[in-house]
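So, here come the structures, one by one.
Next come two complexes, and both contain subunit A; in the first it sits with subunit B, in the second with subunit C.
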Partner chain A sequence: MNSFLALFPLLIIVFAALLVLILEVFIKKENRNYLAYVSLFFLIICGIICGKFWDKDYSYFDGYLFLDNFSIFLSFIIIITTFFVILLSMKYIFLQDVNYGEFYSLLLFALSGMMIMVSSGDFLVIFLGLEVLSISSYALAGLRIKDEKSSEAAIKYFLLGSFASAFFIYGLALLYGASHSTEILSIIDYFKSETSLSLMALIGLGLVIIGFGFKIAVVPFHMWTPDVYEGAPTPITAFFSVGPKAAGFAVLLRIFYPYWKVALNSQAIFWLLCIISVLTMVVGNFVALRQTNVKRILAYSSIAHAGYLLIAILAQDNTSLVFYLTVYLFMNIGAFAAVIALGKKDREYLELEDYAGVGFKYPWIGATFAVFLFSLAGFPPTGGFLAKFYVFVGAVRQGLVPLVIIGVLASLVSVFYYLRIIVYMYMREPSTEIEIYIENPALFLVLFLCLYGVLQLGLFPGNILILVQQAVSSLPLF
Partner chain B sequence: MTEIFWLIPFVPALSAFILAVFGKILPKKYVSFQACFAVFISFTISVVSLLGLLRISHENYPIVKTLFSWIHSGSFESNLSLQLDPLSAVMALVVSGVGFLIHVYSVGYMAEDKGYTRYFTYLNLFTFAMLLLVMGSNIVLMFIGWEGVGLCSYLLIGFWYEKHSAANAGKKAFIVNRIGDAGFLLGIFFIFVLIGSGEFTAINKAISGGVITQGAATLIAILLFVGAIGKSAQIPLYVWLPDAMEGPTPVSALIHAATMVTAGVYMVSRMNMLYTFSGVAAQIVAIVGALTAVYAATMALTQNDIKRVLAYSTISQIGFMFIGCGVGAYAAGMFHLYTHAFFKSLLFLAAGSVMHALSGELDMRKMGGLKKYLPLTYPTFLIGAIAIAGVPFFSGFFSKDAILTQAYANGQYFIWALGIMGAVLTAFYMFRLIFLTFHGQERIEPEAKKHLHESPPMMTIPLVILAFFSVVAGYIGLPVVLGKNLNWFGRFLEPVIRVSHEAHLEIGTEWLLILISVAVALVGIYIAYVFYIRNPQIPHALVARFPFIYKLLYNKYYVDEIYNAAFVNSTVKGSEIIYDHFDLKVVDGAVNGTGSATNFSGKILSYLQTGLLKDYALVFLLGAILFLGYLLFF
Partner chain C sequence: MGHFLFFLLAIICVGSVLGMIISKNQAYNALLLVLAFASLGGLFGLLDAPFIATVQIIIYAGAIMVLFIFVIMMINLRLGLPPEKKKWTLYFSLGVAVVLIVELILSVKGAFSLFENSSMEKIGGPTDLGRLLFTKYLYPFEITSILIIAALVGAIVLVKKKEKE
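Moving on, here comes the complex of A and B:
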């Protein structure tokens, strides 16, 4: 249904971002938490409204922006991510000296960009969203101005990101030239009508995929990830590891779901994605083995997870993909929350040695962190197990057995570095005097909610699965 | 009210959870109150549900409540759903009812124990697992309960884990059960492969719809029965049950009467269509049951430990239940399970009371003449013995007679003869027990005699209640000769046991069979009387005459020793050899090799991560070129 209402969630977020930016001028530095409350308030409103629009199928701008169930569900994922990240940041920005007024506002702008990405079927609109997201992200990564690593992260992210954007927009231009449209479905329609693809269209599609490959951090377009993840403020790293990845995969799903149905000349693309998926799983997991910095370990782990997610794309298994993203949100944010929990004024504990004996000193943080790591490694009864299980089962059903074998072996390798953190937490005597800033109810709320999410999705996924199925069934079939 | 039947297993679960988390800070009085009360709630709901079930017409059976669906992947579906039908209602009633009385008894029995809270946590958990087993609407849930029961039995048998023998007994129970469970699990896999669903209704539909062949049904039925052999302690996996005596006595009562060992009988009755369809499998069930019934009874003849006699009698009685199931008289098997629950828990609790009175003495050679010291325990124990011996007008008579009559009616004369033999032996060893313990001359140790006392009311009241039911419980399933419609129990179970082989005999034949049953029981008791009261020297003379047989029976056919030599020792030895040569060298070597190789490739790959922006951009560019090149040229 064509209705202005389709813009509503997006407008709320943009309004909130601007409001926070204005309020910031009037609020004292030590009262910045009020900005967080305002942002959280608007996020809740936006979430409720998104919930109300479920099954309504509103669209606006001649269908360039729409709220089908799929985009609503993905919006939920990124809204919840942002919600958690804001909760995580409230103490963090005071402790780690990133207390800048733009912080929350930039987060909300990034969120609005992602919401545009997931709720459009037109490459040009998607590109707009991507740029809104990217520019906010560059600034967020470099927010720890006094830290060289943070600035390095920002400049690397910015330059490589612009590089990727250039690839994307060039690919889009070629696609437009070939098919006279920027709409995904029309472009695929064109692909179907041509018996042999023109060079222009094929290169265009390739370049677009490369552009997205950068955002979702697949090998070989992943090089920025560890450095940026390490340098950025930790809550922002948590944000990067979930939000943009979810948005990127949403767009890939919008491209490939109808594209596979056309199946015309898809062989080359199919094999390319297979290779990328294998490379991503292998490189992500193997390099993670060598890391001693927990943020870098989680960075490589997030690369590896993109590889598993690509398997779901190849298996055309939308339900598993979206379910995986949902689980991934809780377990990854949870893991980062545990990392953030171990920190005091101007000091974060990020080296593996710092984690020695944490399990005994801080049993709750240690135990929840262990659950998230088990989930990332894919142990039952956590959500991570079911997510991988569904992806692999779906792939076996499509006959992608070799890919699944590699996936299983790769995740076997991953067990090593996830468990290594647990080994440090529980089997080493505390070496350094860790003291942490304990009074942080917001952070414990996030830890608790993520723990709940991981276990709920692992034990009783039924209701969420039904929602996911409703969401993906709204994807336009070809 | 029937809709809330799904709460039956979860109330004890909640209670166990609370005790496990807050047990340390709760006062002892409250702990015992909560544990008992939780099971009492379950019992009340069971009663209400059973009454509700009677008012609903048969077509609406079973009532299924799906709580949530766990895994739903393609055709594979696994739900947490409970069902209420006559079979599960009867089982829930027995488990929660007898379980409740055992909880109450435990309050007195365990009063001095330092692991009081832990004990009640396990006991609640045990009840939960068993209730889940009998109420689950699919075989996966049944298996979860099945494993839960195994785990709890391990925890409770080894409850006094400081005692070496208790810890070992717990381990033995667990490991022997595992062997059976492996078969059970295979059976479940075959069900999923061949039928595609674990729901009992779907399995029954598949069988009646001809989805699986008779051979497949036999395979599944036998694999499942292997699990039942382990859990219900039948030949050859019965060895764990006598050792399970190492746990606290109420736990033995719980394991023997209400939970655990009856699980196998319940499973076979639940799968009755499968066994009937297979035919061969049912015959195997009957043969294993009959052999066990006699075999275990012979071992009970010579034991001097009061609880061990009862343990072998349980094995033998479960054998009777399997005879019932095997000959197609599932209702009769279930009926015996139900009456057995009362008199066996009565016997165990009464034995516990004797132990309590004698400061922990278990050896019957050190008892005798206890009749006058234990005015409440003696009559209740006697009632239990009469009931299990099969004396008319007591519950055990009706159920045992139903089984034997059905065995005969179905033409299984050999099975019937074994059953009769088992019945004689049962009457004999039970009264041997009674006479040695309560009659004759006192052989009590002077130290124990000083403290000799009747147990507190918390323990004797459950005895009286159970004694009452041991007498009357049989009257809901009277034999056909007394009137066509008096077998209320059988008719109640009819909707579940759809294919029934209830054959009918001539009235005269049936009367004759009943007379034989009666005669058998009385003969057994009379021989015991002659042996142990009138001529106490006869047993000694027999032992002197046939030392070999006595030794064989006394040492339980040396089965434990044979198992140890054949399986346990060789497994331990073999695994040591494998550990030394294969594990340490090949496996560890391979693992370490893989580890270092993996680590090495990680190292190589991480060299690419130089940290220099231009290198990153270069990799990006090279990647893009390769990507596009592949796209264009392949």
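Moving on, here comes the complex of A and C:
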């Protein structure tokens, strides 16, 4: 239905971002938490409105913007991510010296960029959304101005991100030249109508995939990930590891769900994605074995997870892809929340050595962290197990057995480095005592909610699966 | 007259780009680049696209060049480093150059047939552009404003002085 209402969720987020920017001038530095409350309030409102629009299928601007169930579900995922990240940041920005009022505003801008991306079927709009997301991310990565690593992260992210955008826009130009349209469905339609192999459009699509490959951090394009994840403020790292990935995969799903139906041209792209997926799983997991910094371990783990998600794209298994993204949100944010919990004024504990003995000294943090790590590794009864299980079963059904074998082997390797953190937490004598700032109710709320999410999705995934199926079935095919 | 202007502008454009590559002084490089952009603008003007010509001069010769000159001023390199003389980069760039020349020849050959049966359509006038921006492309156009404000906020927060404790 064509209605102005479709703009509402986006308008609320942009309004909140601008409001926070203005309020920042009037609010004293010690009271910056109020900005967080304002942002959280608007996020809740936006979430409620998105919920109201479920099944309504609003669209506006001649299809540049549509809120089908799929966009609403993905919007939910990224809104919840931002919600958690804001909760995690409330104490963090005071402790780690990133206390800028613009922090929340930039986060909300990044959120609006992702919402633009997931709720459009037009490459032009998707590109602009991607740029809004990227530009805000560059600034967020460099917010710890005194820390050289943070500046390094910002510069690296900026350079490689611009590079990725250039790839994307070049590919888009080629696709437009071939098909005379920037709309995804018309481009797929062109692929279908073409009787011979259209080289220009294929190269264009390949370049678009490369552009997204940078954003979702798959292997030949992952070089920036560990450095940026390490240097950025930790809540922002949590944000990077979930939000842009979810948005990027949403767009890939929008492209490839109809695309696989076009038999003629799809072979080359299929193999390209296969190779990327295998490389991502293997390199991500093996390099993670040698890391000693927990943030870097989690960075490589998030690269590896992108590989499993690509299998779902290749297997045309949309339900498990979206389900995986949902589980991934809870387990990854949860793991980062535990990492953030281990810090005090101007000091974060990020080396593996620091984690020795944490499991007994801070039993709650240790236990929840262990659950999230088990979930990331894919042990039952956590959500991570079911997510991986669905993806692999879906792939076997499509006959992608070799890919699944590699995936299972790679995730066996991953067990080593996830368990290593747990071994350090529970079975090593601490060499130095660590002191942490414990009065952080917002962070414990996030830990609890993520724990609930991971276990709920692992034990009783039924309700969510129904929602996911409804969301995916709203994807336009032709 | 048209032909004369075309060749004049084309020669200026190619000459200044060549000069830019050869010259080692950054300030000269920047100024020669301005000249190249300006003559490109003139070429667009000859093609009956006054709006693109103006935009070419305002954006490239104006905004982007000012940026370049600022960077040169701040970094203050007197003379660039002597170019590294590696064999393989030379061969590699020669190979790329040959590929590009072949591509150029092919595309010029292809373009000649287009010239003969092209109806001189007037494109890129400000009216058409404005109408498209505010009707068909309204949504992307508005997103651009979010993009710009996000970039502004990000840039300012990164460079502003540390707040007083």
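In this text, the second predicted complex is superposed on the first by the 477 of 478 C-alpha atoms of A that agree within 3 Å, B and C clash if a C-alpha of one lies under 4 Å from a C-alpha of the other, contacts with A are read in each partner's own complex, and residues count from 1 in each chain.
Convention: a residue touches a chain if its C-beta (ideal position, glycine included) is under 8 Å from a C-beta of that chain, and two chains touch if they have at least 3 such contacts.
All figures in this text were calculated on a predicted structure; none of them were measured in a lab.
Once chain A of one complex is fitted onto chain A of the other, the partner contacts of A:Leu21 are limited to subunit C, with no touch recorded for subunit B. Within the superposed three-chain model, A:Asp189 lies out of touch with both subunit B and subunit C [touch as defined at top].
Taking subunit B and subunit C in turn and counting the residues of subunit A each one touches, the greater count comes from B. When the two complexes are overlaid on their common chain A, residue A:Asp62 makes contact with subunit C while staying clear of subunit B. By the document's definition of touching, neither partner reaches A:Glu351: not subunit B, not subunit C.
By the document's definition of touching, neither partner reaches A:Asp147: not subunit B, not subunit C.
In the superposition on chain A, A:Phe460 makes contact with subunit B only, while subunit C stays out of contact range.
Across the superposed pair, subunit B and subunit C touch subunit A at no common residue.
In the complex of the two chains, the subunit B residues touching subunit A come out as 68-74, 595, 598-599, 601-603, 605-606, 608-609, 611, 613, 615-617, 619-620, 622-624, 626-628, 630-632, 634. Residue ranges of subunit C in contact with subunit A, taken from their complex: 136-140, 143-144, 146-147, 149-151, 153-158, 162-163.
The residues of subunit A lying in touch with subunit C in their complex are 14, 18, 21, 29, 60-62, 64-65, 99-100, 102, 105-106, 109-110, 112-113, 116, 124-125, 128-129, 131-132, 135-136, 138-140, 142-143, 145, 154. Put simply, subunit A touches subunit B in their complex at residues 155-156, 159-160, 163-164, 167, 199, 202-203, 205-207, 209-210, 214, 219-221, 223-224, 226-227, 268-269, 271-272, 275, 283, 286-291, 386, 389-390, 393, 397, 413, 416, 459-463, 465.
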